[in-house]
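Have a look at this one before I ask anything.
Chain nomenclature is as follows: A, B and C, assigned in order of appearance, with residue numbering initiated at 1 for each chain independently.
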Amino acid sequence: MNNILDVKNLKTHYSSEEGIVKAVDGVTFSIGKNQVFGLAGESGCGKSTLIRTIMRLVPKSARVTADILQFNGEDLLSISDQEFRNKILWQGISLVPQSAMNALNPVYRVGDQCMEAVMTHTDFTKTKAAEIVGNLFDAVGLQKGLMKAYPHEFSGGMRQRAMIAMSLVLGPELVVMDEPTTGLDVLVQERILRNLKEIRGKTKTSASILLITHDISVIAGMSDRIGIMYAGKLMETADSMELFNEPYHPYTLGLKNAFPSIKALDRELISIPGSPPNLTKTIKGCLFYERCPFSIDLCREKKPEEIEVQPNHFVQCHRTENVEEFRKLAGEKETWQFSK
Amino acid sequence: MKFSILKDFFIGQYKIIRGNRFGMFGAVILLFFGIVALLAPYIAPHELWESLRDSNGKLAILRQPSLEFPMGTTAMGRDILSQMILATRTTVMIGLISGLVSIIIGANIGLLAGYYGGKLDEICMRFTDIIYGMPFLPFLIVLISLFGRNIWFVIIAICCIIWRTSARVIRAQVMSIRQRQYIQAAKARGCSDTRIIYGHIMPNILPLLLLYTAFNIAWSVLAEAGASFLGFSDPNNITWGGMLYNLWISGKIRTAWWWFASPSICIILLVSALVFISRAYEEVANPRLKQR
Amino acid sequence: MQEFIIRRIIYTIFTIFAVATILFCIFRIMPGDPTAQVISPALDEAAQARLKEAFGLDKPVYIQYALYLKGLVTLEWGRSFTTSKPVFEILKYRFWNTVFLMGAAMGFTLLLGTALGMVMAWKRGGPLDVSATVSALVLQSAPPFVTGILFLMILSYKLDIFPTGGMSTPGERLPPGIAMLFNKDFLLHLILPAITTAFYYLATPMLIMRDSMLEVTGSDYIELAQAKGLSPGTVMIKHAARNALLPVFTVSSVLIGFALGGQVIVETVFSWPGMGLLMVEAASAHDYPVAQATFLLLAVLIIVLNLLADISYCYLDPRISVPGGKK
């Protein structure tokens, strides 16, 4: 097996005052070596919980179960917290957190915070650690002198780059990027994404990337493979070209509509009506039923199984046979104006 | 209309305190002391300086609590219960007056400095710094020893100092409120500065004002008790601190536990009632403190 | 940064000057003979007149004011009415006694307070959190003379564990200078007054540390520190506590100022021969030169400690040194 990450039927349930929150409810996917996996979904769909579960950052009270949770062939379910910290975190899986604005500790120098990661996991001297961090600062386009600066002296874009540099200090096999571009203006977003590609080339990282976003257009150009997450489940998983050219799930069709496309600039943007279901409720049928324009009675009664519609293209939908018709209808505004 | 806003406000405050165990405890105690203070001259069984005799006609000196003397007697044969009740009145009066006066001073300095900023702010804050440099109790006893042991000098001395904390906190709050949209809008409508300060900003800091009124009263009570304990109090009015001073100079602390216990418990109860209420307010203002 | 520090120092000098001026005015407007502040009324008239001239009290107020300021700077603080000793000589050793007691008390308060606050935040909502909150609030409401007397009644009179007051057992001589701080007898005498002070002020650093820890542990940089694979201890201390300490630090400088003012009570209860006790004795005996100088010295101590706290805050929180980034 040459997958970096294998996840099968992963569930993370929290108990809250309103009941059990099924934040992640049976997610299955794999990330191959050197692959960029994009995970897209609206906010609150459980994508943040998913990566926090993998990195063991969820509160102790959360109930995590899975059939398989393997990193580089190593079983993550059986290994102790301490072992996980010492062997997996940052050396194996590193994180570029959602808000680079607040993810740097304001009272320590940025360089020191990067070096801290190196020195926790290796025996390198301070000089050696500083050299590693310095080279990465170079690679992300920050001057080496900025290592001595404090976070408040950085602009948003600079912090983002520093975070990317920090995530690469130990040459991890998987970098998790949680909404790397939120809160930044479009120009900076663009530059960061371009940078990301460059850095991968420059540092010759073979790191796989798990890219998380609510903005499907961000991952379109970056990812090799894409998973569409909705209400704690992966609705559709496919290689990215295939997913964009031949989407199967009505939710994917809807998401595609909601973002501008370069090919059809004059096309009107259509958004999916309604909001995701309450994750504490038990729903018998398909989770997307309430918002789906193509649903039939079966969708309300029975949860769809995951089916492989094409090689390596998985969808959770009862109505995949009619997909040709849906693809046509989904582009029209009237299709999405309905009420149930 | 103004009245109904005030009414809603106080009902809101009541609900805050009601919903909080600490707050409820504090409110009940405060109410109790308030009633005792109001009725003190009518419910105190004896005169303040009356030396009591027991049923055998002997001077009742340092008697332990009994049916005859519910809280015991002092070294001079005076009834501790009566002293306690009358002291409640004096203490509550000093606390209320200095608490209120000092919050008025503090709030106004904070409002003006925070709203106008610039030079005025600089002057007000430097002045507050100076007051922060004053050691509180030493200031109190120097003033009293210079001007005489009179209850009003005690109150004036307390008021001179304790507004400092409320002024700083309120200024900081006002500075953030000043930036808000509705204040800018009021300015654009041509409201006068006075109207903006007292009509628009002040209602927004009312909870903070209440919080610091409670604090200021608590600090006044503690400061007065401290000065009285050191012997710097009005000899014509007994306070809890003064009772402890009498105990201290009589040299009977080794034996007369009842003489020590009653005023001590009262000071702790009254002050902690105020502190508990303020903690209830803080928890409302900052719900994170409560989260589990 | 440097500019900030220089500005703070100028403010400090100004504040000390202002306090001295206020004190001068208070002694001027007191009822009765204003000269009584420097000349003992117990002396005969001829002597009083001689002294009046020597002190320049027959001169106009502004010259008196100038002489007063000059006296302060040159440490000519007059003589005590009661003992006739120079005030400076009296204060010299009283000053250090107060500093030792305060240092011990506040050090204990801040260490214990922050440590407890951390644990309370960790186990928030638990029995320790609730009981510590309640007892801290009650202790905060118990003035030091109540706790102090209670300690004396139980630990000294009843159980005879601690001495009842003073700095040493009568008849025993304390070694001079620093060696005194390691003397067993001295430390035994120090414990009760120090703990009494600490109990009264404990609630503030403790509750602020607790609240600020709760605030900090929810922040993104703590999650990142965890993701970096740091041990929970490192995350807790190096990242969470380090940041949570900032508000505690800000408050503690104010708190030490309050505590220095409150020293008068603790020193009276435990007959600790510091500035607080001297203040009470002098004010009771209307020994104004001593009272005035003690008051000023206490004020200067508070103001200078605040300055030191402000400057060290600069080093603790790098954000402060930004232009305009004043706390």
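Everything below uses one rule, namely that a contact is a pair of C-beta atoms (placed from the backbone, for glycine too) under 8 Å apart; a residue touches a chain by one contact, two chains touch by 3 or more.
Computed from a prediction, not measured in an experiment: that's the story for all the values here.
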Top-ranked pair of chains - ranking by C-beta pairs in contact: B-C
Longest centre-to-centre distance from chain B, chain (CA-based): A
Chain A and chain B, separation of their C-alpha mean positions in angstrom: 56
Between chain C and chain B, distance of the C-alpha-averaged centres to the nearest whole Å: 23
In the complex with chain C, residue positions of chain A that touch it: 55, 57, 82, 85-86, 88-91, 94-95, 97-99, 102-107, 116-117, 120-121, 150, 152-153
Interface residues, chain C side, partner chain A - complex: 219-221, 223-231, 234, 239, 242-243, 246, 316-319, 322
Contacting residues of chain B [partner chain C, same complex]: 22, 126, 129-130, 132-139, 141-148, 218, 222, 225-226, 229-232, 241, 244, 248, 253-254, 257, 260, 264, 267-272, 274-276, 279, 286, 288-289, 291-292
Chain B contact footprint on chain C (complex, rising order): 11, 14-16, 18-19, 22, 26-27, 30-31, 124-125, 133-134, 137-138, 140-143, 145-146, 149-150, 152-153, 157, 211, 214-215, 218, 254, 257-258, 260-262, 264-265, 268, 276, 279-280, 283-284, 286, 291-292, 294-295, 298-299, 302-303, 306
